[in-house]
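What follows are several structures.
Okay, so chain A shows up in both of these, paired with chain B first and chain C after.
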Partner chain A sequence: MVVLGSAVLALLLTLDDSSIPEPASGSFSCLILLSTVGMMFLVSATDLLLVFVSLELVSISSFILAGYERANPKSNEGSLKYFIFGAFSSAVMAYGISLFYGATGGTTLIAVRALGPLALTGLLFILVGFGFKAALAPMHFWVPDAYEGAPTPVTAFLSVAPKIAALGALARLLAALIPAASVDLGNLLSILCCLTMTVGNFVALFQRNVKRLLAYSSIAQAGYIVIGVVTGDAMGIQGILIYSFVYVAMNIGAFAVAIALANDRRGASPSAHARLDGARHGGPSGLDAADPYDLDSFDGLASRSLPAALAMTFFLLSLAGIPPLAGFFGKFYLIGSAVGTAHYGLAVAAVVNSVVSVYYYMSISYRMFFVSPRKGARAPRIGICLYATAALALAVTLFFGILPHRLAAWAQLSAKFLP
Partner chain B sequence: MELPLLSLITFIPLAGALAVLCLPKDLRRAIEGVSLAAAAVPFALSAWLYFAFDRSTAAMQFVERHGWISSSAVRIDYYLGVDGLSAPLVMLTALMSLVALIASLGIKERFKEYAFWFLILEVGMLGVFESLDFFLFYVFWEITLVPMYFLIGIWGGPQKEYAAIKFFLYTLTGSVFMLLGILAMYFKATPHTFDMLELMKIHGALSFKFQALVFLAFYFGFAVKVPAFPFHTWLPLAHVEAPTAISVILAAVLLKMGVYGIMRVSYPMLPLGFEWFLPYLVVIAVINIVYGALCAMAQNDMKKMVAYSSINHMGYCLLAIAGVTATGFSGAAFQMVNHGIITGALFLLVGVIYDRAHTRDIGAFGGLATKVPVYAGLMSLACFASLGLPGMAGFVSEFLCFLGAFPRWKIYTAISVLGILTTAAFFLRMLEKVFLGPLNNRWADLTDMNARELVSLVPLAVLMVVLGIWPRLALDMMNATMVNLAGLFK
Partner chain C sequence: MTLSHYVALGSILFIIGVFGALTRRSVIGILMSVELMFNAANINLAAFNRYLHPTGVTGQAFALFIMTVAAAEVVVGLALVLAIYRRRDKIYMEDINLMRG
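Entry: the complex of A and B
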């Protein structure tokens, strides 16, 4: 787990660093690195205090990152919401940990035998903290605003890294605690999981902004991963690992294409550019109608740049879980483990949700392939870093879709390290 | 070392698709050449398959098996093979893909993308009929979805987007339930396996409740594809909106995947569930036959009429399966092949007239027989074959279907025979309105079929007659498998 977690994050980091657009600066990279350190601690922590501290490290750097576009009101709004929600959930979690401490006399997760009602309450509070970080419904309200406001590379980062780290830690926590719990926490988690998938997918149906759409879709994706946490068998754990890894690739890939298009659009229309410049320099920002992340930036992409359109399609299909792409393989493991451990309701919910998700993922494909491009639209110029990111992500998505063998073996190896 | 024939058949189109993707889109000729070659080679190989096929055994042939994914949690094989049920369908797929690709050379816009998606689609269709590993089966099954979505959605008619997404969502909903069924079977087997042949052996250990439930999950996936009433509503829409060649593929191959699934998966793996569902299945079959025919009768759009006639014809397949006899199974398999050839030809023919007249309204024509004699002749031939005129392929298979179903379902079979009457009625009505009577002057300068259209249609017409006169060409291939299939639970 540690091995995999750090590898995933290291990979993620390189991906992300290369996709930062113009205003990349030292502190930006520094914050991302800091946050990454937090995540590595988070997934490998076996003590609740350490979990808490690392979670805070992740959170605080994320708050700053989300508000990085200082002069953009949306960025501020998102960051503030994120911060308030985050602070609240941290407080709840700290309270939960103290209850846990009071009940068991320690904060270490290993060697917990039996949990009394007090510790259980504590555990619930801790769960809230994790739910917030992983954006499980109903603790997801900060997500769309924070994601929309944050600079897009940050959004890409936030939508994968903290989420996976939190889920990884959650899996570890629950693997240690569920057997000891007197009440079946599995049911509660199943409900959370279904709720998360459903809310994420159904709300995503109505989004017009790519970032918000992907934000809601990432909520749903976290829901799928929770299936593995609930079932907790070998297939489920491997499923979590595989799916997290693949999810990083496909989600970042999708964001990379979106960033490329938005950059291009900003460059293309001077007014939008001026607005952003003005905004950046603290000048008055007129509310320009052209949102560079509106879905219509995808109009006719297929005829402008077939490779970009095909790549995006593959990312989206992979997110939707269509074989033979890697996303399917991960989902297959997760749903398989749900069926194998007799969580049939969960399995049905997951597949129905996959169908729903196809609708909005395909609505992007629809714009790329079926709608003719706007007047004067040309092939987007894609920066070399973005290009490399997308290509790498695409390679992962395709390669592990067709030959998931190595990934499976790797996951099997890592799963052994789990308690 | 033996040649991996099935892999070659399946993956040459994929290689073709990738090659097409690498060609610049201005080199139209090169793209056409590569894609045609990528469809022609599998067809040639499938002809070889025909001659090399051992007709005396029901066992799987040309088997290829390699480990694909193995971990502590799952074990998945790359496992291909064909028997008397799937080999004819593989050949049909290879043939119809080639024919449809020839027919689509007339496509003007974005041909590169078209060829790419088309060849990917062919890979998926071939793979479904060949795979013997459930995971692989599902992967191929789903591969057919995405290209179809784009092919309908980009090159289709006025309502194409709606038709495309409806097709996608319908079939995906069906297939995810199939996925749950597959997983349920996997976990029921000890040791856990996706090997379809192994899974056919464990039915003794499965409880009735389990079988019924899993049967429903599979049936849902297959019925959407067939399409069986009441899951058929995507079909007329998709058919009408799809470009001609894609309608051909849809009718000739994709619908067969559903019936194939019932014969390959539902019946041998879940006999109790199948037995329990039989009374419903036969009713659904009769509804498909009668209701499909009546709907076809009510259409003025030729393409829609042919689409509804597909629902009717797939009803015969379901009826024959419900008979659970060797005759019935042979009939169903043969009907699949014939329906593929005949309905494929009908869609092509409708496309031919639509390209010229830009309308498919039956009432808009009249007296065309004098103007376009070759077209009229081929159209009549296809219609007669489709309505089951003795001497043509359709007759033999429909006869076998009824023969197979009759011992068990006398009344239902009798009702279904009435369906034939309706079929005859609507085809004859169409022929009369379009070709006979005084010539409608609007069409005074209509031209007859060109070389490309003839190349794609004449082979199909020849097959309709040859298979009608000498059906053993196909039936001998299926016989051993069907006898074995019918005798499984006697």
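Entry: the complex of A and C
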């Protein structure tokens, strides 16, 4: 887990760092690195103290990252909402840990034998903290706002890294505690999991802004990964590892294309640029300006830039889980483990949700290939870093989709190190 | 003073905190309520350490960590509130609604 977690995050970091569009200062990368350190501690922690502190390290640096565009009111607002939900849930988690400590006399997760009602209550409170970080369904309200407001590279980072780290830590926590619990926590989690997938996918159907759409889709994706946490067998854990690895590639790739288009659109229309400047200098306008992330910036992308359109289509197909791509393979493992451990309801829910998700993913592709471009639209100029990021992500998505054996072997290898 | 007194105090504080965080309009009020929740956890930890597990200091150490983390968190929160206040002169939650859906 540690091995794979760090590999995933290192990969993510290079992808992410290379795609920062603005002239970013040192503190930006410093914050991303700090938050990554927190995630590495988080996935390797076996003590609640370490879990708490590293979760806070991740959270606090992501609050700052989400509000990094200080002059942009949306960024402030998204970050504030993120902060309030985050502070609330970490306070709940701290209270849960205190109950857990009172009941068991320690904070390690490994040595727990049996859980009384008090410790169980504590555990539920702790689950709230993790659910917030991983954006599971009842705790997901901050996600779309924080993601829309944050600078897009940060959104790409937030939508994969903390989520995967929290889910990894959750898997470890539950692997240690489910056998000791007197009540079946698996049922509770599978309800959460179904709810997460369904809410994410159905709300995504109605989104007009590509960042919000990807935000809801990432909620749904977390739901798929929780399947592996619920089943908890070897196949499920491999599924988590494979899917999170692949998910990093495809989601970052999709965001890279979106960033490229938005950058281009900002540069293309001088009026939008002026408005943006107005917003930056504290002018009253700048709200409700032509949103560079609106879905219609994808109109006719195929005739303007075929490679970008094809790449985006591959990422979206992979997120939807269509066979020749890597996303299918990860989903296959997860759903396979659900069927293998007789969680048929979960498997059905996951499949139905995938079908729903195809609709909104493909409506973007439809816009790219079959809607005629806006007047005056031209081929987007894509910066070299964004280009490299998208190409790398595409390579991962295609390569592991067609030749999944190597990834499966890695996953098997690192699954052995799990407790 | 027995353990149950402390735990009752902790849970009352926690409930006040949750209630405040859910109903307050001002962001500062929400921050204060969240602090109450953290302090409830601290009281619990210290009391459990003193009465149930007096051999170690895990609970007290944990309480110290929680205080530090809560302080750091509030710093970030207040910075955000300041940034918003400078632009809009308001810090009520219902006014912060640029994004919907």
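Just so it is clear, the second predicted complex is superposed on the first by the 411 of 419 C-alpha atoms of A that agree within 3 Å, B and C clash if a C-alpha of one lies under 4 Å from a C-alpha of the other, contacts with A are read in each partner's own complex, and residues count from 1 in each chain.
Everything below uses one rule, namely that contacts are C-beta pairs under 8 Å (C-beta built on N, C-alpha and C of every residue); 3 or more make two chains touch, one makes a residue touch a chain.
The model shown is predicted, which means the values in this text are computed figures rather than measured ones.
**Student:** Of the partners chain B and chain C, which touch A:F255 in the superposed model: first, second, both, neither?
**Tutor:** After superposition on chain A, A:F255 lies in contact with neither partner.
**Student:** Is A:Y224 touching anything from chain B or chain C once the two structures are fitted on A? First, second, both or neither.
**Tutor:** neither
**Student:** Look at A:N76 in the shared chain and tell me whether it touches chain B only, chain C only, both, or neither; answer first, second, both or neither.
**Tutor:** second
**Student:** Using the touch definition from the top, say if A:A347 reaches chain B (first), chain C (second), both or neither.
**Tutor:** first
**Student:** Quick one: classify A:G106 as touching chain B (first), chain C (second), both or neither.
**Tutor:** A:G106: touches chain C, not chain B.
**Student:** Which partner does A:P323 contact after superposing on A: first (chain B), second (chain C), both, neither?
**Tutor:** After superposing on A, A:P323 lies in contact with chain B but is clear of chain C.
**Student:** Give one of first, second, both or neither to describe whether A:A234 is in contact with chain B, with chain C, with both, or with none.
**Tutor:** first
**Student:** Classify the contacts of A:G67 with the two partner chains as first (chain B alone), second (chain C alone), both, or neither.
**Tutor:** It touches chain C, and chain B stays clear.
**Student:** Output the chain A positions appearing in both contact lists, the one against chain B and the one against chain C.
**Tutor:** none
**Student:** Which residues of chain B touch chain A in the complex?
**Tutor:** Spelled out, the residues of chain B in touch with chain A are 25, 68-74, 110, 112-113, 135, 138-139, 142-143, 145-146, 149-150, 153-154, 160-161, 165, 168-169, 172-173, 176-177, 179-180, 183-184, 186-187.
**Student:** Quick check: in the complex, which residue numbers of chain C touch chain A?
**Tutor:** Interface residues on chain C, with respect to chain A: 7, 10, 14, 17-18, 21, 27, 30-31, 34, 37-38, 40-42, 44-45, 48-49, 52-53, 56, 58-59, 61-62, 65-66, 69-70, 72-73, 76-77, 80-81, 83-84, 87-88, 96-99, 101.
**Student:** Write out the stretch or stretches of chain A touching chain C in their complex.
**Tutor:** Counting only chain A, the residues touching chain C are 49, 52-53, 56, 59-60, 63-64, 67, 70, 73-74, 76-81, 83-84, 86-88, 90-92, 94-95, 97-99, 101-102, 105-107, 144-145, 148-149, 203, 206-207, 212, 282, 287.
**Student:** Which stretch or stretches of chain A touch chain B in the complex?
**Tutor:** 234-235, 238, 302-303, 306, 317, 322-324, 328, 332-333, 335-337, 339-340, 344, 347-348, 351-352, 354-355, 358-359, 362, 365-366, 369-370, 404-405, 408-409, 411-412
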